[in-house]
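Presented below are the structures under discussion, each in the form of structure tokens.
After this come two complexes, each holding chain A, first together with chain B and then together with chain C.
Up next, the complex of A and B:
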């Protein structure tokens, strides 16, 4: 575009010189030969790390059974993180009772497999439906309450589920817990890891579809401002419900996988602390950033089990110098990361990895990609 | 269900409710100042309790100085929270602030778990041991009576304080911060002061409730002395604004929670949590502006 501002000449001698228009053609960036090779290698490394290493294929590391178990948990946590991301990130409603969402999926799945004698592959969809139904019930309440009050309801709901609902011995086995056997053919931890990974891929794809369709755009609009959204003909109630149901379905899938991963589940493992951990990993990961949420969840799952500290050979430093036992690293470091995230880097991990992500998808390495200025958790109803 | 049973519910409920009322007072104060549901409120109490415990049992201080040290620790935590988390987030949305206070609570819980790793279950001695009376057959300890007495004293003290110049400054800044700045009130100092008082109230709840049972990390948030959710509920009953409402709300929530111990609900698992959840839903759906306020909360 040529500048079209006409200033009156100061002296008659001066004339406005007409500059030739400079046309900047925005050519899409294409990486060169070495760029393609580099990106290909990076993709291969990621694929190797995610697909081959946990199964001990083509790998110099000899991962033990418990290590692979931790990796499965990481994949499951990623699913739960994506579920919470739908609620906090897309719908702008905070849930402090997400352990109930996960727990309902877990106990439904265990009940279906152990008491009704059905297959694992049938139990997961049934658990997902249950999760969707309970989330819809809670969502119906949330439509009448503003953000902070709803957070309080989810808190009470989580406590109620933990103490009353999961205490019904006929359904959940009470204190002794309930057995949840793994599917035939996937009994070992190595095999079960790929089941979790497949479900993570499925949930990722569903989440991608959600954000790319009309529903996702509607959610984005109503999160920014429900009144404006409804004036554009978006049914605010229906789409908030959609977000709840989707979140409930994802969480129940995660819970179901968690149940069959642990093989025996007890009600007391679904406590308030777990709910807070879920919020932590999602916010630190970076709300509305799918990759960030997954990385954040994986990070916290690995940190919580002490796996990350061991893998990085930091045990001596953490336990010796700081005097922090490795099981407590997540408990102490995690909340501090959360506070740093919301006060300093609102984009979370997703913001930090955005340049790498852009590069791997074939763009330039842009250091400033993914910068988020505004604080992300936003509920105008609050 | 006999009269005795209801009597026990009433007595235990009111005594338990005193702790909730102390927590609720802090929550209401903070809500009026910063407009946030303070999820760290109960953790101020646990931190104070831990500090008092360390001073009394490990350093061998006398009880009074130990409690004072605990309260100071709670106040310090409250002031730090205001400086490091609430102030930087003053322009952020309320839900972000809520996540921030939850982060403060979690940080405190994490540090308590870590420092308390070797002996996870602790016991703080009572101020006065023994049972004072047994109305309807419910044992009322001196500790519980003292808690109730402290609540009454705090309520009166707060009522007097909010009529003093500093108290009026706080109220002015909370109602209209820009106008308060214009007449020379430092909103920043008022915010610090409010958080300090709220943390002091939380600390009182902690050092008074702690000796009733053994305590662990996160005692008042999700441990044995769980008071965060009841405290928040009491604050909701007070419409998040009324201080007398918070006191009465705390006592009401205490009694309602005790209804879960009635023999009629013996078969129901976790009846207390169930009763509280239903009560919260009923209040929020029927009278979201709170029970003890005339106008709708804004």
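Up next, the complex of A and C:
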């Protein structure tokens, strides 16, 4: 028997101890030939659905005028959803009076076109400025009040706008409403849809750049920890105001589009029910998730107009069996979805579509992508 | 001229006097340590220096300029950077995003130009990202750039926090318990890190820590606070042996024996 001293077998722990602590950079995933093709087809399908189908181009469906009108509303709701997302999602302040934000944009635009005789294309920026100004006023109040008290102020503001502000006949036409003609060349519902889509693209771009630059990062920091934010030199008050103004501008663009979509607007259409729907669609869509908010808004727009109920042939069931007008389905399903979102899927619809989104952007299909562990405390603070 | 001058600062919360006539100064390139039992008013003093609290009486000066009533973000712009006792980071963001946020004051474009997508903003953002990576490299955190802050252990967060404060370009660094939660060996290496940072960035550092060996090793001057008052001040070894300090830390009986 050999007397040589055997080296003791290495334990896994010792083995790893000598390894240099270098982070292993994973090679970025590149889809193969079929992967590229699959993703290309998916993109083409989305583009077809968004761009071609509503205009009845290359499409087996024959969408009627009212159907396309609903889709325009969906695009407008998406703009409003992104607007509310800036306040609730980025700045962490709730607004229960967002119908006022939208309504002020709508009436400004109608007034500018009908009474001042200006072009639609000039009315939208003017409405946006008005929206920014009125949002700044509310923002100034938010610097003094927070949480539930501020939520109550926004609620009262929304009511005030609906009941008093929009009732000033000289500006809004009072009960009879105000005419808001569509721009020349985009009079039909099919044409106007593309106007709405173009503005949605613009708002999407602005929101995207906001989150990726100075302002968005400052808002994230001040939402999560205002003390840390200010120690970085971020002026918390100024950036809170920025969030309000941006939200006001987006909402007013949405309102302006809504006015010219309906062609006649009346004060009573900007009621609290609408504000509630806006909050529902934004939170269920998924706060801070651009795609989620847009999809949530589209879903609630289709649901709120009764389009979805009709398309699924459920009108008989909903109105006949349950006895609920189809326009109210959103306000019944919404809170249930809200509850599900807060308790089970804090990422909302954005969380559900994250795997597909990641795959379409050239990543692997990751089932767990976009999983949000829990809703942030300050999202439910108010 | 002193970088930081705290001149007879007192602050009351209701009936409680949290600070009483505290005077402190930190000169160029100095490391000043603040020790003292819990509740002595150390963090309150930091809050007066950075602007979260405004003192009831007394003045705070930065390079001779009275900053007593200046808001927090304006003081940050003067170069006063601080860390927090319970880690001041944006928890739902990645480490890299935190470093980008911390460079807020370096950014030349305004937020609206950033939103619209001005061409210069893209180049500037690339510059910020490069600098963030450099700072991470320097702090030995390069491997964690894309990790979410909430998923990382406490000891690492303390280091990341120092990296983010450096990103704000401070000339005066206020560290609130950088050594908390660290073992003796880690505390020793933290001391070396801080000495290195002073040399590299030309910083003046004021640090609060309970880790007396760490504070006495690297500090040029030490203040001991107790019940909101400066109990003793001087060279580290002097303060450490000061009978009042020993009594405050160990209690009446041990000091007597």
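Just so it is clear, the second predicted complex is superposed on the first by the 337 of 382 C-alpha atoms of A that agree within 3 Å, B and C clash if a C-alpha of one lies under 4 Å from a C-alpha of the other, contacts with A are read in each partner's own complex, and residues count from 1 in each chain.
As a working rule, a residue touches a chain if its C-beta (ideal position, glycine included) is under 8 Å from a C-beta of that chain, and two chains touch if they have at least 3 such contacts.
Every value quoted in this text rests on a predicted model; they were computed, and no experiment measured them.
Novice: Quick one: chain B and chain C on chain A, clash or fit?
Specialist: Partners fit side by side after overlay.
Novice: Can you tell me whether chain B or chain C touches more residues on chain A?
Specialist: B
Novice: Return first, second, both or neither, reflecting whether A:336 touches chain B, chain C, both chains, or no partner chain.
Specialist: Only chain B; A:336 stays clear of chain C.
Novice: Determine, under the contact definition given at the top, whether A:133 touches first (chain B), second (chain C), both, or neither.
Specialist: A:133 contacts neither chain B nor chain C.
Novice: Determine, under the contact definition given at the top, whether A:51 touches first (chain B), second (chain C), both, or neither.
Specialist: neither
Novice: Answer with first, second, both or neither: which of chain B and chain C does A:266 touch in the superposed model?
Specialist: neither
Novice: Based on the superposed arrangement, let me know which partner A:220 touches: chain B (first), chain C (second), both, or neither?
Specialist: A:220: touches chain C, not chain B.
Novice: According to the stated criteria, A:171 is in contact with first (chain B), second (chain C), both, or neither; which is it?
Specialist: neither
Novice: What is the angle, as a multiple of 10 degrees, that the CA centres of chain B and chain C span when seen from the CA centre of chain A?
Specialist: It works out to roughly 90 degrees.
Novice: Looking at the overlay, what does A:242 touch: chain B (first), chain C (second), both, or neither?
Specialist: After superposition on chain A, A:242 lies in contact with chain C alone.
Novice: Compute the least Cα distance separating chain B from chain C in the superposition and give it as a whole number of Å.
Specialist: Result, nearest C-alpha distance in the overlay: 12 Å.
Novice: Do chain B and chain C land on any of the same chain A residues, and which?
Specialist: On chain A, the overlap between the chain B and chain C contacts is residues 376.
Novice: Which residues, counting only chain A, touch chain C once they are in their complex?
Specialist: 21-23, 205-206, 209-210, 212-215, 217-218, 220-221, 224-225, 227-236, 239, 242, 246, 376
Novice: Which residues, counting only chain C, touch chain A once they are in their complex?
Specialist: Checking each residue of chain C against chain A gives 50-52, 71-73, 76-77, 81-82, 84, 88-93, 97, 100-102, 104-105, 107, 109-112, 114-117, 121, 125, 142-144, 164, 168.
Novice: Taking the complex as given, what residues does chain B use to touch chain A?
Specialist: Listed in rising order, the residues of chain B that touch chain A are 36-37, 84-85, 88-89, 92-96, 98-100, 102-107, 109-111, 113-114, 117, 218, 221-222, 229, 232-233, 236, 268-274, 276-277, 280-281, 284-285, 288.
Novice: Which stretch or stretches of chain A touch chain B in the complex?
Specialist: Touch list, chain A to chain B: 88, 92, 94, 96, 141, 144-145, 147-149, 151-153, 155-157, 159-160, 162-165, 167-169, 174, 271-273, 276, 279-280, 283, 324-325, 328, 331-332, 334-336, 338-339, 342-343, 375-380, 382.
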